[in-house]
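In order of appearance the chains are A, B, C, D and E, and numbering begins at 1 in each one.
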Amino acid sequence: MRRVTRTARVTIARASRLLNFQKRHPPVGAPPGTLVFPEERVPATIRVMAYGPDGVEEREGVGVEELPGLLKPDRVTWIDLQGLGDEALLRRLGQIFEIHPLALEDVVNVPQRPKAEAYDRQHLVITRMTRAAADGPLDVEQVSLFIGQHYLLSIQERRGDVFDPVRVRIRAGKGLIRRSGPDYLAYALIDAILDGYYPVLEVLGDRLQGLEERILHGASRSGQLGIHRVRRDLLVLRRAVWPQHEAVAALVREETPLITSTVRQYLRDCLDHAVQILDVIDTYHELASNLMDMHLAAVSQRSNDVMKVLTVMASIFIPLTFIAGLYGMNFDYLPELHYRWAYPALLTLMGLVAGGMLLFFHRRGWLGGDEEDED
Amino acid sequence: MRRVTRTARVTIARASRLLNFQKRHPPVGAPPGTLVFPEERVPATIRVMAYGPDGVEEREGVGVEELPGLLKPDRVTWIDLQGLGDEALLRRLGQIFEIHPLALEDVVNVPQRPKAEAYDRQHLVITRMTRAAADGPLDVEQVSLFIGQHYLLSIQERRGDVFDPVRVRIRAGKGLIRRSGPDYLAYALIDAILDGYYPVLEVLGDRLQGLEERILHGASRSGQLGIHRVRRDLLVLRRAVWPQHEAVAALVREETPLITSTVRQYLRDCLDHAVQILDVIDTYHELASNLMDMHLAAVSQRSNDVMKVLTVMASIFIPLTFIAGLYGMNFDYLPELHYRWAYPALLTLMGLVAGGMLLFFHRRGWLGGDEEDED
Amino acid sequence: MRRVTRTARVTIARASRLLNFQKRHPPVGAPPGTLVFPEERVPATIRVMAYGPDGVEEREGVGVEELPGLLKPDRVTWIDLQGLGDEALLRRLGQIFEIHPLALEDVVNVPQRPKAEAYDRQHLVITRMTRAAADGPLDVEQVSLFIGQHYLLSIQERRGDVFDPVRVRIRAGKGLIRRSGPDYLAYALIDAILDGYYPVLEVLGDRLQGLEERILHGASRSGQLGIHRVRRDLLVLRRAVWPQHEAVAALVREETPLITSTVRQYLRDCLDHAVQILDVIDTYHELASNLMDMHLAAVSQRSNDVMKVLTVMASIFIPLTFIAGLYGMNFDYLPELHYRWAYPALLTLMGLVAGGMLLFFHRRGWLGGDEEDED
Amino acid sequence: MRRVTRTARVTIARASRLLNFQKRHPPVGAPPGTLVFPEERVPATIRVMAYGPDGVEEREGVGVEELPGLLKPDRVTWIDLQGLGDEALLRRLGQIFEIHPLALEDVVNVPQRPKAEAYDRQHLVITRMTRAAADGPLDVEQVSLFIGQHYLLSIQERRGDVFDPVRVRIRAGKGLIRRSGPDYLAYALIDAILDGYYPVLEVLGDRLQGLEERILHGASRSGQLGIHRVRRDLLVLRRAVWPQHEAVAALVREETPLITSTVRQYLRDCLDHAVQILDVIDTYHELASNLMDMHLAAVSQRSNDVMKVLTVMASIFIPLTFIAGLYGMNFDYLPELHYRWAYPALLTLMGLVAGGMLLFFHRRGWLGGDEEDED
Amino acid sequence: MRRVTRTARVTIARASRLLNFQKRHPPVGAPPGTLVFPEERVPATIRVMAYGPDGVEEREGVGVEELPGLLKPDRVTWIDLQGLGDEALLRRLGQIFEIHPLALEDVVNVPQRPKAEAYDRQHLVITRMTRAAADGPLDVEQVSLFIGQHYLLSIQERRGDVFDPVRVRIRAGKGLIRRSGPDYLAYALIDAILDGYYPVLEVLGDRLQGLEERILHGASRSGQLGIHRVRRDLLVLRRAVWPQHEAVAALVREETPLITSTVRQYLRDCLDHAVQILDVIDTYHELASNLMDMHLAAVSQRSNDVMKVLTVMASIFIPLTFIAGLYGMNFDYLPELHYRWAYPALLTLMGLVAGGMLLFFHRRGWLGGDEEDED
């Protein structure tokens, strides 16, 4: 029992972090733009990649005051901030890039609902990044992208991301990425984030497969708990992907000079991926519901099986016991007791009763019902 | 049993107050504009805050006839009325501010569906304010806001609100609030009201967490009642937030000179919050439904467990009892009774029968099924 | 059983009258405009109220041929017909007011789906009126309103309505009603009809409250039947209110000179009421479904409780009975029978077995499970 | 069992005919316009009614080559073909009326989804006609209407229809029908088809009423099967009516010279009927689902009742049997056996035990639970 | 058990292939246009059919470099590629036909969501082709069509398709196909693909029919598994057909010179077929859900039946056994033992008790309940 409880606590805590916003919403009635910093402050580090068709300049651990000097109109500068722990730095960043206070609030007060919003100087895209974990809890993290004229500012909740392949492509200089603007970079990052959902769905698919086998083998309690957890994880994923899909659709639709029509076509491809992910999530959800139905039916079926055994045993032996009891009575005048053939005759009668019973149950298919049903 | 009933009565009464309108709708066929006053008349008090960039003037317990003198075009006057108990005062207020009779009816005949409506001289926004109560019933109260040219008139059902932080910001004079008009004040109040839903959802989240643990430990009756109550509270919250979301969306959309485009952008942020609250409510609702499924499956599983114990016990001992009864019979000619080895042989037979039964049940996994299932 | 059946018959008959149209649809393939008169012919009576700002003229039992003389362009004439039993009268009415045959068909072949339709000379609004009945069946009746240039023609299925307060307001001459046209009168009647739903919903709310208490006290069969009936009544109400809401929305939207913009604003208020009524109906419907869930869970729980008692009793006494049976055997060589300490020893053993069983069940929480669950 | 199976086969076969298209879809990859004729070829007969304001000419068994001569611009010619069995005739018909190959395919390869489509020379309306059968299976048949300039061509799957009243109206010459064009005739036929659904719904309503009574009397197996069948029939009807409603709506909306605005108003009335039929279908569907819930709850309740009887019987007699067994033991030293008062004392004890048990069960309400629940 | 598991594994594997994209999505963050080739590489073969009104040229095993020479403006060239196993060939194909990298990615990284997309030089339609397999798993394969100016390029995942009838029609030269452009060919292929769903649905319909009979005969475990599988297959089909329907609708709607208005009318017919297929899928899905309800009710009913037998047996014999036990007691003073008439009297009493019990159960309808329910 203990063990179940501990897992349950983890499950709930995980859901709370994802669905809820405990301790992270601003105090009631706080002025707009109030920043609420997470309790476990992840120290912030800035990494800059500046590139153009001709070359790449890459630096880690950049100080916030160096940033204005790094922005140049003839190249794309990708400022990648990881960790929301440094309040002063974030406020200063807001000043440097002239970020609207409401936009900064959305970036810091994680988790926000994914969305795309146009501001005067930037286009803000809020997304949720996930990474597969073989067996552990879902790990979902907010990534905010500010698409500016010559720069892209990405702000991540924690360290670690799914962007390394994009970095590799920038360094390699193959494809369109070095010859395009920050809008293409934003597309590449959003695409990487959406790609990150595929392995997570694979893990869930494997778990569903395992659950189905377990339930087909017998209605175990762990199967029921497993379905509950898969359904919850799918719920979390759906809530993460659905608004993301809406945000990308808004990017495709919106008329903004910050996003070129070429990139818009690539984003249309992203949209297809998002829809496909939602399709899979919905399908898995229906599969999980079907499994729950099967589990409930299996539990009922098993109760039925248990009861059949009880009924067969009791129905055969209770009458026999009664007959035996009858001739265990101590009446003075109980004539059958004195016949020589009485005992063998009684044994025969008992055998007939038991046989009749067995025949009755056999006809109803209550004997060995398990095997018969399975072919 | 008593205790449950008492709680049930409270639960229902609470729901009635929120969902129903017992005793508060006007008599059937009453002319439009009929005011129906609550039975428990909360005496009305007026508090006025008048402010501009240069300063704040604050007064409590203002008489209704003083109000016209307090309105000045060069500053924002916030008239805050708490309590709907004074009929004459409300009618006089309607005259002073030239409120449309239908608007006044909506304000007084609480609860109305939240909405935003444009009248000739004001914009009316009807909202529902809630405050978290650790364990008690949901407390939902109607707050109506009239946004006028130079004033904001807020009318609350009862004393007590979530607006103190807004008052503090007005007094402190930081941020935009002192330099903006009554539309920004309206935004600040709506935002405070929406922020007030977050702690309520936290409480519900905690209750769901507690329920899940309880149900994982065993399908208790209190768990079932708890899910029922959470679902009802979520129902109430959804009905309160959904039209509010629509009302804010209408404010964002509508073309009215009373709301500036800057404030409209802030309201767009409110809209995001409302959508997020709805998301959480829906997610909690699905979690609660999943828990109900798990509870039902757990009850079935437990019946199964109970039945297994009964079946094992009965199936082992009923045949043995029959055998014992057989040799308790008093037939004169029952040869086995006279063999010396009969008794030990019979004991051995009985042991074999019992052992066979145990083996049969062990193979089916009916012995100690609980423990085996849990890893 | 008898009693239940009788109630069931009433329930069904009630539903049929509301949902179905048994015997009331025209013969298949009948030409449009075929009038089907109800079997139980309610004789028709006409009541006329003619009013203007200066006075009211009121007459009952008016003959149909007098009507043309009563219509005057400088006042509003409200012709109120109750009872659809007089075919000739209805046809003559159709001629006098130049009613389109399809419109007349809709008025007579009750029940029609509520709707608002513009014809050349009138605007037709079909509504459903209901009146609360403490415990009896829902009473729903069709009321059709023809809004003309200077008159309003209302046609009711049966005698008795919810319009008396409107009549009182006309006589009293307070408010807008005497100074407005037939469109305002139509609004007043529609408003009265919608107001009539509130007490009906109160009755349903009370029934739900009673059902919840009954189900919390124990899963009684009457609770289940009660939920079934409440759900059916809510179904009927929803089907009545939903198209009515659509009809009022159409009135608000439509461009017709017969309805002034002032009245349109009042109708907007009606629309709010209709939405609120739908909200309450939907909420009650979800509450009823939650109650059904709780009822099902309670039945399962009770089966569980019954089975626990059986299992405890059987598991304790069946082994003991076996032991007793063992020493009731009549073997010649059964040594234990002859030891002096055998009987007390056996009693002790039996006590130990019973105690062990009790301990086992206590650990599983199967003894007095009821009380433990309830805190 | 046999009987159930036979009925089941009929049920399925019926559903297959309606929902599926077994043997009737063209071979995969067939060119468009491939005609697939039904296996049971109903020979085709043509009946012509030509009418104008001045008179009616009616002929049965018309040859297809006579048709061109019968079409005249100064009257309406209604060509009514019944039976799809004559391939050559249908192809020739297509040539005479210049029917698009895809249109002809839709007419012959029944069942098609009801729809309204504009072609160059005709407007095609595909509908489904049904006729009530007291107890037998639903009988649904496709009727296709080609509305031309001066003619209406109706093609029915089989003989027999619901159009006789329309024919009577044409002969009688009352109403608009003789003075209107083929569009009005089309309306009259569509209206007759929709009217034909009302008696079918009445039959379903009666079946639901019967089922409710049966389920209230006890959860019989036949009730469950009955609900299953009603739900399936409602499914079939909904699939038939819903696209028909869409088709009529398209007719009302579409701008085509073939349909006059007068007839459009009549079609708007048809639309109301279709919506009402859908309303009734949906309501019946919800009633059927509620009945299924009640049935499931009733089965659970009955199991509970059965188990209560078992538990009461077993709990009372098992302990008594144990006590009796105790004093049936054959120990030499069993002192109680020799007391004179032992037997009466034991009987008293047994009575007390039984009485205590009964009291316990009475307190729990397990005795005669049935009756108590019903008031 | 083994057997079930093996089937389960197949079931899951099948679902994974269809719903999931295991091993087939590009590595996370891969640049757009990354091609991921299937593990089991099906070697690619190209087959060309070039035709015009005057003749057909047909070649198999064409090399990719020959293709440019085969395209001529005065005829339609259908390049049909089967198998995605040859990477170089596919890249070269992309160059020859100037295919957009994103389009090529969609074609190779199967399965993609069906869709229609306009590119500069082609219109891409992605579809899913299925072929019925009597009893085996669903076989779904992606077919991509590039509609160009004078050519149609079709790319199939594997060998084998449903296009043979189209090839026959081209060779035969009947109908429109030889006189039309590649857009008509595309329509013919899409139509053949949609036609391919009908036999699959027939197989599912047969399976549902079999399941219903099995469930009516008794709630077997295999029935439950069967419903689970049918529901899963329907899920897969729905996910395949729904976006296909959207894609065809987009083709009908879109303004592109590549598709003529004549072909657009034919595509409208395709759309009708897709809607009909979706209708059947939804109907089958509801039928399957109804069957699951019936199955669950049948399991409950069977438990009830089992319990009735147990209750009847136990209730009759347990009291009798007690009475017999009573007179098996060995009290010295047990007067009844010595009366001559005691034994026959007791037998009579026992008969009366058993008879009373039987009467009680008969009244409740617990004896032979099965038969009685079925009429």
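Please note the rule applied: a contact is a pair of C-beta atoms (placed from the backbone, for glycine too) under 8 Å apart; a residue touches a chain by one contact, two chains touch by 3 or more.
Keep in mind that what you see is a predicted model, and the values were worked out from it rather than measured.
Enquirer: Which chains make contact with chain A and with chain C at once?
Expert: Of all the chains present, those in contact with both chain A and chain C are B.
Enquirer: Hop distance check: chain B to chain E, minimum number of steps through touching chains?
Expert: 2
Enquirer: Strictly by the touch rule at the top, which chains does chain B share as contacts with chain D?
Expert: C
Enquirer: Starting from the mean Cα coordinates of chain A and chain E, work out the distance between those two points in Å.
Expert: Roughly 26 Å separates the two chain centres.
Enquirer: With chain centres taken as the means of their Cα atoms, state the distance from chain A to chain D in Å.
Expert: Their C-alpha centroids are separated by 41 Å.
Enquirer: Would you pick out the residues of chain B that each touch at least 2 other chains?
Expert: 296, 300, 303, 307, 310, 314, 318, 321, 325, 328-330, 334 - these are the residues of chain B that touch more than one other chain.
Enquirer: Name the graph shape formed by the protein chains and their touching pairs; answer line, ring, star, complete or other.
Expert: ring
Enquirer: Please report the chains around the ring in sequence, anchored at chain A, with chain B in second place.
Expert: Moving around the ring in the direction of chain B from chain A, the order is A, B, C, D, E.
Enquirer: Mind pulling up the chain E residues that touch chain A in the complex?
Expert: 1, 3-5, 8-9, 11-12, 15-16, 19-22, 25-33, 102, 105-106, 112-113, 115, 218-222, 224-225, 228, 231-232, 235, 239, 292, 295-296, 299-300, 302-303, 306-307, 309-310, 313-314, 317-318, 320-321, 324-325, 327-330, 334, 336-340, 342-343, 346
Enquirer: In the complex of these two chains, what residues of chain B are touching chain A?
Expert: 162-166, 169, 174-175, 177, 188, 191-192, 195-196, 198-199, 201-202, 205, 208-209, 212-213, 216-217, 265-266, 269, 272, 275-276, 279-280, 283-284, 286-287, 290, 293-294, 296-298, 300-301, 303-304, 307-308, 310-311, 314-315, 318-319, 321-322, 325-326, 328-335, 365-366, 373-375
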